[in-house]
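Below is one structure; the comments refer to it alone.
To keep things simple, chains are lettered A, B, C and D as they appear, and every chain counts its residues starting from 1.
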Amino acid sequence: MIDVKGLDKVFGGVHAIEGLEFSVDQGQVYSVIGPNGAGKTTLFNLITGFYTPTRGEITLNGESVVGMDPNRLAERGMCRTFQQMQICMNMTALENVMLGRHLKIRSGLLSSMFRLPALYREERACRERSKELMEFVGCGNYINTDASAMSYGALKRLEIARALAADPKILLLDEPAAGLNATETAELEELIRKVADEGVTVMLVEHDMKLVMGISDRLLVINYGRKLAEGTPEEIRNNPDVIAAYLGG
Amino acid sequence: MAKKSLMRRVGVLAATLTTSLLVSAQAAEPIKIGSFLSVTGPASFLGDPELKTLEMYVEKINEDGGVLGRQLELIHYDDVGNASSARNFAGRLIRSDQVDIIVGGSTTGATMAAVPLVEQAGMPFISLAGAVTIVDPVKKWVFKTPQSDRMAAERILWDMKRRGFDKIGLISGTGGFGASGRKQTLAVAEEYGIEVVADETYSPSDSDMTAQLTNIRNTDGVDAVLNFGFGQGPAIVTKNYAALDIQLPFYQSHGVASDSFLELAGGAAEGLRLPASPLLVPESLPEGDPQKPVVQAYKEAYEAHWDSSVSTFGGYAYDGLMLAVQAIEAAGSTDKEAVREELENIMGYVGVTGIYNMGPDDHNGLTPESFRILEVQGGDWVLVE
Amino acid sequence: MFSEFLQYLFTGITIGATYALVALGFTIIYNASHVINFAQGEFLMIGGMGTVAFMGLGIPMFFAIVLAVLLACLVGIALQRLAIAPAKNADVVTLIIITIGASIFIRGIAQVVWGKDYHVVPSFSGDEPIRLGGAVLNTQSMWVLSIGTVLVVALILFFTRTLIGRAILGTSMNKLAAQLVGVKTQMVLMLAFGLSALLGSVAGVTVAPITFTAYDIGILLALKGFVAAALGGLGSGLGAVVGGILLGVVEAMTAGYISSEYKDAVAFSMILLVLFFMPRGLFGARTVERV
Amino acid sequence: MFERFLNWRMNYVVVLAVIVFAIPLVMENPFYYDMATQIAIIAATVVGLNLLVGYAGQISLGHAGFYGIGAYFSAIATTTYGWPPLLAMIVAAAVVGLVAYIVGRPILKLKGHYLSMATLAVGFIIAIIINNEGQMTGGPDGMPVAPFSLFGWELSSFGLYSFFGMAVPGHVAWYLVMAVILLIAVILAQNIIDSPLGRALRSIHGSEIAARTVGVDTARYKSLVFVISAIYASVMGSIFAHFSGFITPAIASFDYSIVLITMVVLGGMASPMGVILGAVALKLLPQFLAGFQEYETAVFGFILMATMIFMPKGFYPTAVNFVRGKLRKSGGEA
């Protein structure tokens, strides 16, 4: 589904990502791990169009997506969450999720201004679907709450609900478990599994090894922007380079 | 100084309040004179002396028993030089305060913005602003006291022609006054057989006009230079003119006819000429001049009352108020149609600015000759004749 | 031909130096607090009008200038304490409106206290201009340029060589970190406003002999200063100077060679073009969007 | 029932309608109508500007420029060339929309102070052109404008009209027409806010990054709302020109842009009722301050500054929150 070849990103002379190559298949849960500052978030930003690679090729379903804006990638079924959450605090929780369905709505300016019946129907469907999703991620009791009044853990789930609202084919989650307690993490693991079961490809950046090892189909380990290892959780667990990097370095 | 005038104003207010209380017991309703002026903002040098003049003479007239046995009441608003506010205040005067006549409008923009309202409401309106568009074409209810900028242009060109200049360089401000003056100068130049060979402008808030003046200096065959503008701009032009050491005769418009211009421009103003009201040179007027006593009286009264020197602009307000009073007296009432007619009938009224001869097709009543040509000599105005 | 060009250049540099000084004032405050202070022009006004007022009391020019500058600094500090600090977490637009309100307030007070007339501040060294290659240059322009240069150099030294200067820069980069290492950020912000007022009022006195001075002189100068600062790149001292001079020269050249009516329009179009191609001005910090 | 009304998105429009239509029952003075009509015109302008500033979070310090183009286009087309006013207004709106689209595309890539700078520059250029093209616009002294007329029916503040047999003086007629236009402007704006489009706009304010990840074409939406707000300004400019009968370049000036944005911020960003009250306050303040004579400027500046310092969210949202807090508190106690 995603193929990355010879990916380089240089910030002011520093290689944040260097010569990275990997591919993610449809329906996989694919995790990227590595020490802090290894370039995981940079990699996500490159894939989702927030950064433009210095060199290299990224293809999504065979189409090159280098230099494509995030909103155009969203049109191709890619959606993501952020390590530093991006929630619209000026809106309610439900509106945030409804925003996720932006691309599903066809009504334009005129039907908005004059509130034509088509818009009304579409909005009602959108609201229903968004409520379902909030239930699905476990935010059901926050529907009419202002986003600014929600707890950290709830916002994390809300961000996932918003990403899911776009009916993505591929979902990128950047440290979804950061700041969550053990119970919440367990709930999150279950949630990701449910998402993957629905056929959505999931890419994951995460530090919580228990979560990653339990859920991933394949893992990519990077260090200093370079690929250290790639494989199934089992292979990674036994990879001497990885052990050295994590324990020794 | 500002404090002093404030104290004085409070005093005046108290005095008018008590007198009006005493008088109102037996007298009829006061005659309401409405006014909107640019007392603050970029045109405050117009509105400030105008308001001072109106306040002072309304008080004086009331002390002398008022008009038609009724007291005058001045209702004034500050339009800050903004035409939209001027329009709103004109509306307030007409509809809310229900004044009997309006004397005001410091700038042409403010005046013209109020014109549709006064015309529709049928309110006699004496403007204190300069542009010829105010009275040309004639508007039924609108009069004005200052000479038109067209007359200023004519007078300047007349003096230039007299001195044998054929080609002139023009520099003007892009504000209302300068832009209108430029238009009128270009329009009348041909009549006088004068060619405008350089035409430059500056924005009213510019701080240096050297570049424009350099262009004029480098134009071939320029005999004299004219600057049309008001505010501090012309003073900067004058300074730059001197600094560039341009030796050509220099003219300014009546827009700078005040002592404060001399203060700002200093020695750089030496030798320049401009058309102005005789107010700046009352002493040099010949004995037989009918305007001499009027001008002297106004100057003395103003300077004694306000402790600051007179400007031409205050004179416009003086004439406006006096014309209003004369028309009301002639009409014998404040009936608007009657007052308007009497304004139109004013003949031979000797004012500070000139001698007014109104008529159905002349709502200004002045001639270019009412402008005196002055020259700056030794840091003071001198009458050239 | 050449003398014409030289004349336009001199004019442009003189006006530009004024803009540059105002832009520097913006820069100092922007660097310390990320606030664009629309009351910056009022500091210039206080410098000029204050000098006139104190001289009117019979105080010799030099001391009158010192008093005016002190007055401006006080106003600057008061502005920070009383208006900016209480609204610390407000929106960009809200802060803009607060500083606009402050500028109207200061102007209103000045108009009551000092009156509405324009005033002259005498040139520092006479009115006799310098002649150079067929063009003339006011001695006061030389003063503007040299005082401007001295101020710029002093500022650079201040920000790089002194502890307080570095504290101001540190506060701008990361307020929390600065607090952690013991910088009293409130103190630093007050200092930045005071410094900006000092710069503005000195500029105000220096240009007053050329532009005259009045209670409302600050409006336009602040606007042009903001334009210059944005052109050069907000927060960059070098940008402020280059932006100011560039703006002045473009204005003078346009007035000289193209059209004096449209010189301001040409200047504003230039800003737009620069911003289209360099969204952070000529020397503004290039930052990477963090997500 | 009352509960439902409280939660209804358009509830304030009903309140507004009641207020604006109750005014003729209690107000007589024609001057007050004159002011009320102008307030309605300017309120509708800032309701449009609020879509850009309050909802999409983009600053414009040049909006008076669009207002000015609308006013001058209508003035010149009707007065000089004799176009029907409605046609002139529509064409003006189209022209302004086009101008806003062309300049908006590149400008709206800028952020924060740079965006304010660029919009300021656009506004200034428009004002300079209006000021300098005196042949067409009358230059700095302004130009007269023909009264508004529709199919031979002329609307003038000094006319007399009959409405279902009731005699309606011109100033009341103008006021009522403008009140209806204001309500329409508010309803259209509220519809936009409550639509998916409005959600996308608000998301740009809330988090542009979030907006982009869910597929909002932020550049397109920003220029769309810029165009909409510019068209609001243009139409209101056209109406003002006809109402006022005389316009000067001051209505396109930087000062006026500042007045517009101040109304938005003062009343309360992202709150249509707030910005309307902002317009009311800022328009009436000079009339009240007229009594302060030379202190007027200082008092005005002080009020502006103090309001923003103590109510940075604008006075309407602050007041609403205050009342809500009180209600909640008293509810809790009961």
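Rule of thumb we're sticking to: a contact is a pair of C-beta atoms (placed from the backbone, for glycine too) under 8 Å apart; a residue touches a chain by one contact, two chains touch by 3 or more.
Treat the numbers as computed from the prediction; the structure is a model and nothing was measured.
Q: Among the chains in this structure, which pair is joined by the largest number of C-beta pairs in contact?
A: If you count contacting C-beta pairs, the leading pair is C-D.
Q: So which chain is farthest from chain C, going by the mean of the CA atoms in each chain?
A: Max centre-to-centre separation from chain C belongs to A.
Q: Just by CA atoms, which chain is the most central one?
A: D
Q: Distance from the CA centroid of chain A to that of chain B, rounded to the nearest Å?
A: 73
Q: Round to the nearest whole Å and give the separation of the Cα centres of chain B and chain D.
A: Using C-alpha averages as centres, the distance is 36 Å.
Q: Quick one: chain C and chain D, Cα centre-to-centre, how many Å?
A: One centre to the other, that is 33 Å.
Q: Where in chain B do residues touch at least two different other chains?
A: Residues 2, 40, 174 of chain B touch two or more partner chains.
Q: Pull out every residue in chain D that's touching 2 or more other chains.
A: In chain D, residues 132, 209, 294, 296-297 touch at least two other chains, as defined above.
Q: Hey, what residues on chain A touch two or more of the other chains?
A: Residues 50, 82, 86 of chain A each touch two or more of the other chains.
Q: Under the touch definition given earlier, write down the residues of chain D that touch chain A in their complex.
A: Residue list for chain D touching chain A: 188, 191-192, 195-200, 202-203, 205-207, 209-218, 224, 228, 270.
Q: Under the definition above, what is the set of chain B residues touching chain C in their complex?
A: Chain B residues touching chain C: 1-2, 40-42, 44-45, 48, 174, 200-203, 205, 207-208, 210-212, 214-215, 218, 231-232, 235-236, 239, 242-245, 260, 263-264, 266-268.
Q: In the complex, go through chain C and note every residue touching chain D.
A: 30, 36, 83, 86-87, 89-94, 96-98, 100-109, 111-112, 223, 226-227, 230, 234, 261-262, 264-265, 268-269, 271-272, 275-276, 279-281, 289, 291
Q: Taking the complex as given, what residues does chain C use to touch chain B?
A: 4, 7-8, 10-12, 14-15, 18, 111-120, 127, 129, 136, 138, 207, 210-212, 214, 216, 219-220, 252-253, 255-256, 260-261, 263-264
Q: Please output the residues of chain D touching chain B within their complex, sorted ascending.
A: Going by the criterion above, the answer is residues 29-32, 34-35, 38, 131-132, 134, 139-142, 144, 156-158, 171, 244-248, 250-251, 286-287, 290, 293-294, 296-297.
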